[in-house]
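Below you'll find a set of structures to go through.
Below, chain A partners chain B and then partners chain C, in two separate complexes.
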Partner chain A sequence: MTAATTAARLRRIAPIWVVLVLVLVGIVWRDPTFADPPTLLAFVKRSAPLAVLALGQLFVVISGELDLSVGALITACVVAAARLGEGDPSRTWWIILLVLGFGVVVGVVNGLITTMLRVPSFITTLGMMLVLGGAVFLWTGGSPTGALAENFRQYGREDIGPVPYAVVILLAIAVAAYFLLHRSRFGHQVFATGGGTRAAELSGVAVRRIRVTSFVLSGLLAAVSAILLAGFAGLSANAGQGYDFQSISAVVLGGAVLGGGRGGIGAALGGAFALQAMFTLLNLLGMAAPLRDTVQGLLIVAAVAFAAYRLRSNR
Partner chain B sequence: MTAAAHRHVGSSRPVWLVLVLLFGVAWLVVALDGGNFVALPNLQNIAQSSVALGLVAVGQSLVVLAGSLDLSVAYVVSVSAVTASVVMNGSAADIPLGLAAALGVGAVIGLGNGAVIVGLRVNPFIATLGMSLVVRGILNALFDNFAGAVPDEFQALGYDAVAGVPVSLFLLAAVVAGAWLLLHRTRFGYHVYAVGGNIEAARASGIRTGRVVLVAHVLAGVCAAASGVFLASRLGAGAPWVGPDGGYDLESIAAVVLGGTALAGGRGRLLGTIAAVLMLAVLDSVFNQFQANAFVQTLVRGVIIIGAVALYAFREQS
Partner chain C sequence: MSRKVLPGIAIAAAVLAIAACTSTKPTGAAGPSSSATPTDASQSKFYNQADFDRELKQRTETAQGDPSTPWLQTIDASYVDTTKYKKNPKWHLCFSNASVSNPWRVTGLTTMKAEVALHPEIGDFTVDDAQGKDDKQISDIADLQTRNCDALIISPNTTDALTPAVTKACQSGIPVVVFDRGVNTTCPVSVVHPIGGYAFGAAAAEFESQRIPKGGKVLALRILPGVDTLENRWAAAKSVFQKAGDNVVGVEFTDGDPAKTKTIVSDYIDRFGGLDAVWMDAGATTVAAVEAFQDAGRKVPPIDGEDEQDFLELWQKDGLNAIAPTYPVYEWRTAVIAAVDILSGKQVPKEWVLPQPVITKDNLSQFITPGMPPLFYSTCGCQKMPGFPQTWGGK
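The block that comes next holds the complex of A and B.
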C-alpha cells in the first residue's frame, strides 16, 4: 500500500472516532478502572438512551428535517407510564406497547403536518414540544404521579447475565438501523430525499412518505429511549430535558449535515458515545458542572466547522 | 420600493387583522365574564409583558430575514441582565457604564455568532446552539442567582409610565422604528432581503453577503441585550435564569414565524413580528384573567403556532 492510499483511507475514517478514542484515553488516564469490561459496559448502558435517540434523529436529519420534540416526547412517555402503571407489574406489557404506539403516533403527526401542511419541521416539532409538555402535565395535574413498576424499569437498569439489557437493546436497534439506512431501498431514498428533494421526486421517490417514515422512526426510538431512561433514572418531570438538542448534537458530531443528505449510523453512535464520554471526562477532571455545557458547545461548533472545511477542501 | 417588490416581501396586514380580531374576542369573552379587558392596568400589563419578547423578536426578525437564525438570544438576555446589574451595582452614576457594558456584551456575542457562521461556514442552528451552550456554561459557573443590583433610578424603565404609557413601551417603539427604517429605507435592509431570498444570486449581484449576515447577527445580539437590560430594571437585578425561563430563544422564533416571516428567510415584515408578539401577550392576558392552568396555556400556544404557520403555507399555495 502506498502512502497516498493510506492517506486516502485515513481521510475516510469519520473524525468522530478519533475524538472518541482521545476522550476515552483521557478517561482511562484519570481512572484506570474505566477500562474494566463491567465499567465499560456500564458506560455503554449509560449512553444507550442518547444513542438510541440519536439513531432516530439521524433518519430525520438525513431526510432534510429536524425533530425538536423528542425531549418532550420522552418526558411524556415516562410520566404516562407511571400514571397508567401505578407500579403494578401486571400492567407493564401493555404499557410498553402503548408507549411505543404513542411514539409512532407523534411521529406520524409530526410527519403529516410537515409534509402535507408544509409547515417547516422546526416549527412543527417546536409546536409538538409545547403541546406534549402542556398536555401531559395537564393530565397529571402539574407533577408526575403514580409509579414505575420494577419489571418496567428492568430494561434500563438490569442485566441479562453479564450484559445490561440496555446494551442488548441498543445493539439490536443499531444493527436494524444500519441495514435499514445503509442496505435497503428505503435507506437510499432517505439519502436521496435529503440530498436533493426535487431530483428525488423526479426519479420517483415518494418524498413525503420517506419523510413521514423518518419522523415515525424518530418517535418510536424516542419511546424506546424513554423506557430505557425510566429504568435508568426513574420518574421525573424533566426526564427528557435537554435530550432534543443533545440528540441533534450527537448526530452532527457524527458528521451528519443539517439540511440533509449526509450521515451514517456508525458515526452517529460515535457522536452519542463521544458526547457521553466527554461528560464523564469533565466530571473526572473535577470541572464545575455548568462548564460541561461550554465544552459541549465548543465541541459541536468545532466538529461542524471541521466538517465544512473538509467538504470544501475535498471539492 | 416598487409595488412588485412590495408584494414579494409580503404585507403584515393579515397579522394585524388577526390581532384586532383576537383583541375583540378577548374583550368580549372577558366582558361576558364580568371583567373589563380594556381597563388601563390590563392594557399596561399587556404592553409591559410584550416589551421583553418584542425586543428579542426584532433582532430575531433581522437574522431570520437574512436567512439565518439565533438560538443564543435567551442566554444573551441573561448575560446582559447580569452584566448591567453587576456593573451598576446600585450606583446611579454607573448607569451609562452598565448600559454600555451590557449592550457591548450582546454585540460581541452576536459578532461571535456571525463570525462562526460566515467565517467557518457552520450552519446557523449549530453555531448559535453552540454559542448558547458556551454562554450558559460560563454564566452558570460564575453566578447561581441574582447578582449585583440596578439603582432605583434605573427601575423607572421597568415601572414608570408617562401619561399612562409605560416608559418601556417607548424603548420598544424606538427599537422597532429604528429596525423598520433600517430594513425598509436603507441599502442594508434591501441587502438583508436579497441575502435571505437567494444568497448565491445576492453574491453574484455584488452584495457582500458575509458582511450582511454578520451585521444582522450583531444587531440581534444588541436587541437581545436591550431586553436583558429591561428585565434587570424590572427585577431589580440580573440572574442567569431570566432568559431561559422566559424561553426567549424558541418564543422569539415562534413570534417571527407567527408574524408571517418565512423561516427560510427573504420574506416577511418586521411589523408582522410585532403584531405576533402582541397576539401572544393578549392570549396570556386572557388566560391570566381566567386563571387558566399554565399547562393549558402551553398547549394552546403550541397548537396556535403550528396552525398559523400551516395557514400561511396554505395561503401561499393557493
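The block that comes next holds the complex of A and C.
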C-alpha cells in the first residue's frame, strides 16, 4: 500500500473519530479502569442526555437553522416534571407524555415562527430560551418545588440487567434517527432544504414543513434528554444550563456545517461522546477549573477548525 | 495529500500537550503535596488566623437568649445606642438583595417577607434584586437612597465590590443593616451573620477526618471561588485535613450543578478506586454526590451537607454517615428585626452573631419538617410563622 492510498483512506474517516480516539486514549492512560465494560457503560449512560439532544439539534442544523432553546427547554421539563409529579409514582406515565408533548409544542412554535414569520431561528430560539427561562423563574420563584418519583428517574439512573436504561434508549433513538435522516425521503429533503433552499423549493420540497418538523424533532428529543438528565442528576433549577452550546458543539464537532446541508448521525454521536470524554479527561488531569474552561473552549474551536480545514481540502 | 491531514493532528497534539503539561502541576491542595506544606492555608488571602480562632471558640459558647427563637439569640454581643435613628411608624423598609439564585436564598427571602408581615409598623417593604451582579447592586443601593427609605438592609453580592456602595449608604444618614456576606467597613449600624465560614468548614472536616484512616483519600467539592464565606469554609477544612495528615486527592468546583457533581465524583471513584470521605462547602449538591456512590454500588463514605430537605430525608432513609453544619436561614429574619429595633430606638448588637446549629445523626429528626419540598432549608425558623407551610411550598 502506498503512502498516498493510506492517506486517502484516512481522509475518508470523519475527523471526529480521530479526536474521540485520541481523547479516549488519554483517559485510559490516566485511568486504565476506564476500559472496563461497566465503567465504559457508565460513561455512555452519562453521555446519553447530550447525545440524544445532539441528534435532535442535528436535524435542525442540517436543515439550515439553529436551536438555542434546548437548554431552557430541558430545565423547564425537569422543573415541571417535579412540580406536577410531586414524587408520586402513579403519575409518572402521564408526566412523561406531558413532558414529551411540551417538547413537541415548543418545537412547533419555534418552527412556525421561523418559517411563517420569517424570524431567523437564531432570534426565535434565543427568544424562546428567555421566555422559558423567565417562565420557569416566575413559576418557581427561583427554587423548584415537588420531587421526581423513583420510577421517573429510573430511565436516567438505573439498569436493565447489565445495561443502563439510558444506553438502550439512546441506541433505539440513534437507530430511528439514522433511518429517518439517511434512509428516508424526509431525510433527503432535510439535506436538500439546508443545502440549497431555493433549489429544494423548486424541486418540490415543502421547505417550511421540513423545517418545522426538524424543530419538532429537536424539541421532542430535548424532552427525552430532560427525562434522562432528571433521572441521572435529580431536580435542579439549572438542569439544562450549558446544553445549548454543548449540543451545537457536538453536532459541529461531528462535521455538520452551520448553515445546513451537511452532517451525519454517527458523527454527531461521536461529537457528543468526544465532548463528554473531554470533560472526563480534563477532570482526570486534575486541572484547575478556570484553566479547564479555557482548555475546553480551545479544544472545541481547534476541533471545529480541523473539521472546517478538512471540509475545505475536500472541495 | 498527506500534508493536509497533518495540521489538524498537529493542533490536536499541541492542545493535548498543553493539557498534559498543566496536569503535572499540583492544583491547590490536590495531591499528597498538600500535607507537606502546612503553612499553605495561612497564605491564602481569605485566611485570617484571629477570625479562625474566634469562630472556633464561638462554636462552643452558649448564645444569649431563648434557644427556641435562635434568630433572636446573640453571641459575644456588644450593643450600640440607636436613639438617634428612632422614628415614628409607619416605616418604609428597603432591601438590596444580592440574588435569589439558589434555594437557600429563596427560602431566605420568603422567610424575610413573612417576618416583615409580622410587624404592622412597617408600612412598605421595597426589595431590589441585583441578580448576582455587583454593578446592578451598586446602582440599586444608590437608587434606594432616593426613595425615602427609613432603613436599608443590604445583603452584599461580593465583599470588595460592594464596600464603597455600603459606605456611601451609611453616609446618607439612613441606618444600614448588612447581613449574610460581609463588607470591609464598620459603618453599618448592625452587621448580622451566623458564626461563620471557618466554623462551618471545620465542623465538616473534623467529622470526616475522625472517621477515616490516617492518610485517607478525601475529595473536596466547592461551588465557586472568590466568595469570602465559601473561601473561609475551605480554608478551615484544608487546615483540619492537613493537621490530621489526610490525603486531599482533589479540589473541584461544581458550580452547584448536580449533574457536574455526580460526574466528577464518579470520575474520582473510578480513578482512585473509591474515596474515604467527601467534603463539601455547601449542601445543594450533596444528594448528587451520595447518588454517585450508590449508583456505583459502593458504600457512601463520611460526607457533609446542609439543612436542605432532600439531603436530610436521604440521610434518614439510608442511614448515611453524615453531618450538616448549617448556615442558618433564620438570619433573614434577624436582619428585619435589627432594622425594626433600630427604628424603635432599641439597642442592637454592633455585630449580631447568631448561633450556627450543627445537625448530627442524634438531632437529625428535629430538623426534618415533613411535607416540605426538596430544596427547602429547615433552619429558616419559619415553622411557626403565619402561612407555613404553603408559602414555603409545603403541604
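One rule holds for everything that comes next: the second predicted complex is superposed on the first by the 309 of 315 C-alpha atoms of A that agree within 3 Å, B and C clash if a C-alpha of one lies under 4 Å from a C-alpha of the other, contacts with A are read in each partner's own complex, and residues count from 1 in each chain.
We adopt the following convention: a residue touches a chain if its C-beta (ideal position, glycine included) is under 8 Å from a C-beta of that chain, and two chains touch if they have at least 3 such contacts.
Since this is a predicted model, take the numbers as computed values, not measurements.
Of the two partner chains placed by superposition, only chain B is touched by A:126; chain C is not. Of the two partner chains placed around the shared chain by superposition, chain C is the only one that A:283 touches, whereas chain B remains out of contact. When the shared chain is aligned, chain B comes close enough to touch A:134, but chain C does not.
In the superposed pair of complexes, A:19 makes contact with chain C only, with no contact to chain B.
Look at A:291: by the touch rule set out above, it reaches both chain B and chain C. Look at A:117: by the touch rule set out above, it reaches chain B but stays clear of chain C. Of the two partner chains, chain C is the only one touched by A:233; chain B is not. Of the two partner chains placed around the shared chain by superposition, chain B and chain C are both touched by A:305. Residue overlap on chain A between its contacts with chain B in one complex and with chain C in the other: 142, 288, 291, 295, 298, 305, 309.
Interface of chain A with chain B (complex): residues 66, 113, 117-120, 122-124, 126-131, 133-135, 137-138, 142, 245, 248-249, 252, 257-259, 288, 290-298, 300-301, 304-305, 308-309, 312.
Partner chain A is touched in their complex by these residues of chain C: 1-2, 4-5, 7-9, 11-12, 15-16, 18-20, 22-23, 27-28, 30-31, 100-103, 105-107, 110, 225, 250, 252-253, 256-259, 261-264, 266-268, 270-271, 273, 287-288, 291, 295-296, 310, 373-375, 393. Chain A makes touch with chain C in their complex at residues 3-4, 6-8, 10-11, 15, 18-19, 22, 26, 30-31, 33-34, 39, 42, 46, 82, 141-147, 157, 229, 232-239, 241, 279-289, 291, 295, 298-299, 302-303, 305-306, 309-310, 313. Within the complex formed with chain A, the residues of chain B that make contact are 116, 120-123, 125-127, 129-134, 136-141, 250, 253-254, 257, 263-264, 293, 295-303, 305-306, 309-310, 313-314, 317.
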